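Take a look at these structures.
Shared between the two complexes below is chain A, which has chain B as its partner in the first and chain C in the second.
== the complex of A and B ==
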């Protein structure tokens, strides 16, 4: 038990090192906001190109548990985002990868990529945002996309501003 | 209505000085040899003519007497009722309980007797039949509505007339009664009264018991039906569980895919996964050594060790193991004997040289064990392997040694199928000929200290490829009815989606919607409902896992029990009555 936090820190430093070496195209940045606390990271997630999310950047809060990487990190959107599987108020994400399907082989960076993929492939059958999911379920793609675009325009940071 | 079951006549002695309470007639009974006693219990000898008592089970007690009639009344037939019969005047007190007794002559006479008795403290009335020359009347209640409160019984004449005669014998004082001389001789006071005391027992002949019985039968039948169907359902569930177990054992069912609880790898299986030293592909050797039938020999040729609490098996079949600059040569002759208990023990049959070099001392080996790295170090508890140890010096443990190995001995296996250079869990690179790695059945390799806790506490799936590490056919969990149900539901959903897909394909192909429209729509709806149901439950399970994760997070690395106690969440959130129903009727939905 005693040696574990050290191993965890080692892994986190490794991950941090790797993210600095090779940039993740899905992210604008990925680092702990406070250098003294490795268990709390922040990331800026880019909207996928050619999707209604294009051009937006969302800040994401990442809390890393003590038993990481055996347990998944707790990931939340800080910036408001409209997506069927993301709670519009809390930013909570419904993604099996972050729950039952978590694997220790995932890194924070790869998890971020997975979340970016979730943006373009929503699963309206297990929604956290019922309105968006209802639009999708009814086949109103146009309405859904304009809703998403509105939220991107209204709340997300713009990539062009960076 | 309660019917008489028993008439008991006996003679009691009432002391002349006694002043008993009316109901309390517990006076001594006269010895039968000196007096008279009669018991009538044969149902053919009497009948109950009238009874207001609804409960039954009562007994009517009293002194037997013949009610007074007007002396001019023609009913007062002295052929039938002797002159010296016990009348009310012959009884010691006025307020004693009485039982009236009279012959059944005519309807008029029985009326007269009964009206007369009504003025007395009568508990019951007994009529008896008389010979046909006096009357052929049998029913005193004939005609009018019966206005009296006491029950009326009828006694057969063959018993009734002798009783009447006996009654006449016990009407006077002690010296004049039957056998009176002997009684007074025996010490009874001459002023005492010897009288016939009657007890009439009744039983319940109410129609009510029939109703109760009917209800009882209904309840019993219901209970039987419930029990039988419960038993049947339990049998079915048992059958389903067994067939699911069989299918899991055959590898037809993917347990992880069922989403039931968390399946982990028990330590004894974990210990069987091979553990060896990592050798980089471009390491010291020109050609990567081929692994020789590792799995088949695993059971017999592996050398398991128990190192302290961490029981890990070290597979070093005639391998060069490099550890902390110390190489230990262990010959291929190490065999494992599996005891019947399942405990593993190392037995070095050949006692061939497993040696420690003089340059490297046991402390070196201790270093390796204290670092938590697991290897067949010479200081492991196995005393036999320690008996003649020989360890190569660090200089000779260089790659040349590996190359110098005899071709017959298989060299340590490494990344047979995949080219892993680092542990996916801690992201550390494996160090050539130094790092001990554990190989899972899918051939992925990890640091044992990284992968073991994961498999033990988190999942039975490989971190990289999600292939199950459990041996095929191993059923790691208790199969509950909920799991059986979930599996059936999942299967039926899959089957139906196939059917539906086929049907929609057929529809698109040609003749569309109208044929079988209703049936298909119904089926699709049902499928959709089931899917939603299933997804809801899976979401619940997921949520449950999330919560458990939250809890586990607080306690550092101690995520053992919370995860293990996790069952199908659906069972937890159900109300108690549902649980009870499920226990009685398993699989009823």
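== the complex of A and C ==
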């Protein structure tokens, strides 16, 4: 913990405190897996209701940089997910909010909500998963949704099991 | 937890959860603390002076609405500043009062429930009774039927809860309320986190928020001390004054010993705390008089501020030698051998400008040497991390697009050619693919902005 700015730790503790008080409907949990490292969080993201992602839960890895909140956290999917803007192998997310459009006013919790929104509003023109994006671009919604459902069934944790 | 990290969600548990929204709007969106020296942007959003300055030097956009903004356009938000200070003064007592009220209500509810269980004969009436009680308890805490019930309950079989818990219904007066709260609701304090995280800079602890939280912890302990004796085994001796303190108060206490009063005699801490314990209104003046005389000065006047305000400057116009000179003039460390790049020096100067200008806005400005220590601590805390991938303000869009203009022009020309050729005859496919390949090669030759940045 040495060398980490006290103000940042304070903000993180405050965010953590807030997530404990107020449940984010998009998440099953949100907390650092290890109490000694406040700069590494994990979250369980729920699939958006009424979408092919419904019922799935994905584990997400969150690394918080030292200059947070001026710089965005690094967020990756741990659980495999099929989405045009998420790399299927690395779990890397392509979302302007996590790069150029980041604002210091966002919190970890609000960022996770934004990622849940991304699930239902993919941007196939800047794909990280070319196959999924191609299906969407060709207008094969049925094919796309089936593919997504397959990955949910095959890889994601199920909300009913929790 | 709420002792050291006051948070808007504290109000959820009170009878007036709407206060959460009030407190949220009194907090800075960036640091999530109550505003310090609030500044309003040209788009009307308010932030702490230092927070918004840092944000604007990173991206020149309002963090809330992303509208472009600049530092010189920031204005003081005087009303918010007053709101925050008055809210801060009443916050603790308001929260305590409301929490105690809510606890009393819950207690009454429980008792009513127990009561209804212990007299099954009157079941038909009791359910009606219970509802009635609940409503009335909300409106008017002290009333007859409740008191009667309590007496009855004391004599019935339910001894256990009475033995283990202090009689909460008697916490009507404010002095008793504090005791009951401390004893029964087990406010978990994590007072040492500040000290642990605190970049080995004793000076940093004196930064305002830090200081307040430790003084809050102190106040708490002082108000608790006389009535709730802690077991002797739980006490730790302060290495400086040998006073025995319990685990939750030892750290703030040691800090105070080190900073406030350097003599090893018993600190004025407890006495001071006790005197201020009953009068939360006097909290701030009392605490600042104690330790900060060597680190704080009187607030700057408007004229002084204007005179002392540092200009932001422009990264591309500034020469490395000038930056070095400026830093040295301010008494900030910078290497002599020229090892540090212009980028590092510029970032340091920017952060210094931010700290300095924000300090001018502060209600209790720190002295220069304190600021310099803060700058160093901040830099050390940022040193471990790689340069962020996010495009910096310093990235020179103009220059970059100028250098690569020929490339772009060639691409555009190529594209136009392709289109017109396609229109003329669709047969010249080999030609177009060639030019496309050429364009691609050119594109690859250009460095992306990110790469240039890093």
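The criterion applied here is as follows: the second predicted complex is superposed on the first by the 158 of 162 C-alpha atoms of A that agree within 3 Å, B and C clash if a C-alpha of one lies under 4 Å from a C-alpha of the other, contacts with A are read in each partner's own complex, and residues count from 1 in each chain.
Throughout what follows, a contact is a pair of C-beta atoms (placed from the backbone, for glycine too) under 8 Å apart; a residue touches a chain by one contact, two chains touch by 3 or more.
Not measured: the values here are computed from a predicted model.
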item	value
Fit or clash - chain C, chain B, common chain A	clash
Which of chain B and chain C A:141 touches, first, second, both or neither	neither
Which superposed partner A:21 touches (first chain B, second chain C, both, neither)	second
Which of chain B and chain C A:71 touches, first, second, both or neither	both
Per-residue contact with chain A, leading partner among chain C and chain B	C
Chain B versus chain C as contact partner of A:9, first or second or both or neither	second
Touching partner for A:126 - first (chain B), second (chain C), both, neither	first
Which of chain B and chain C A:96 touches, first, second, both or neither	first
Where chain C runs into chain B (options 93-101, 273-281, 309-317 or 417-425)	309-317
Doubly contacted residues of chain A, that is, touched by chain B and again by chain C	1, 3-5, 7, 10-11, 14-15, 18, 65-67, 69-72, 99-100, 103-105, 107
Chain A contact footprint on chain B (complex, rising order)	259, 372, 424-428, 450, 453-454, 457-459, 461, 463-464, 466, 532, 535, 539, 541-542, 545-546, 549, 552-553, 555-559
Interfacial residue positions of chain C with respect to chain A in the complex	1, 5, 7-9, 12, 29-33, 51, 54-55, 58, 61, 63-64, 66, 193-194, 196-200, 204, 207, 209-210, 377-378, 380-385, 388-391
Contact set on chain A toward chain C in their complex	1-11, 13-15, 17-18, 21-22, 65-67, 69-72, 99-105, 107
For the chain A and chain B complex, residues of the former touching the latter	1, 3-5, 7, 10-11, 14-15, 18, 65-67, 69-72, 96, 99-100, 103-105, 107, 125-126
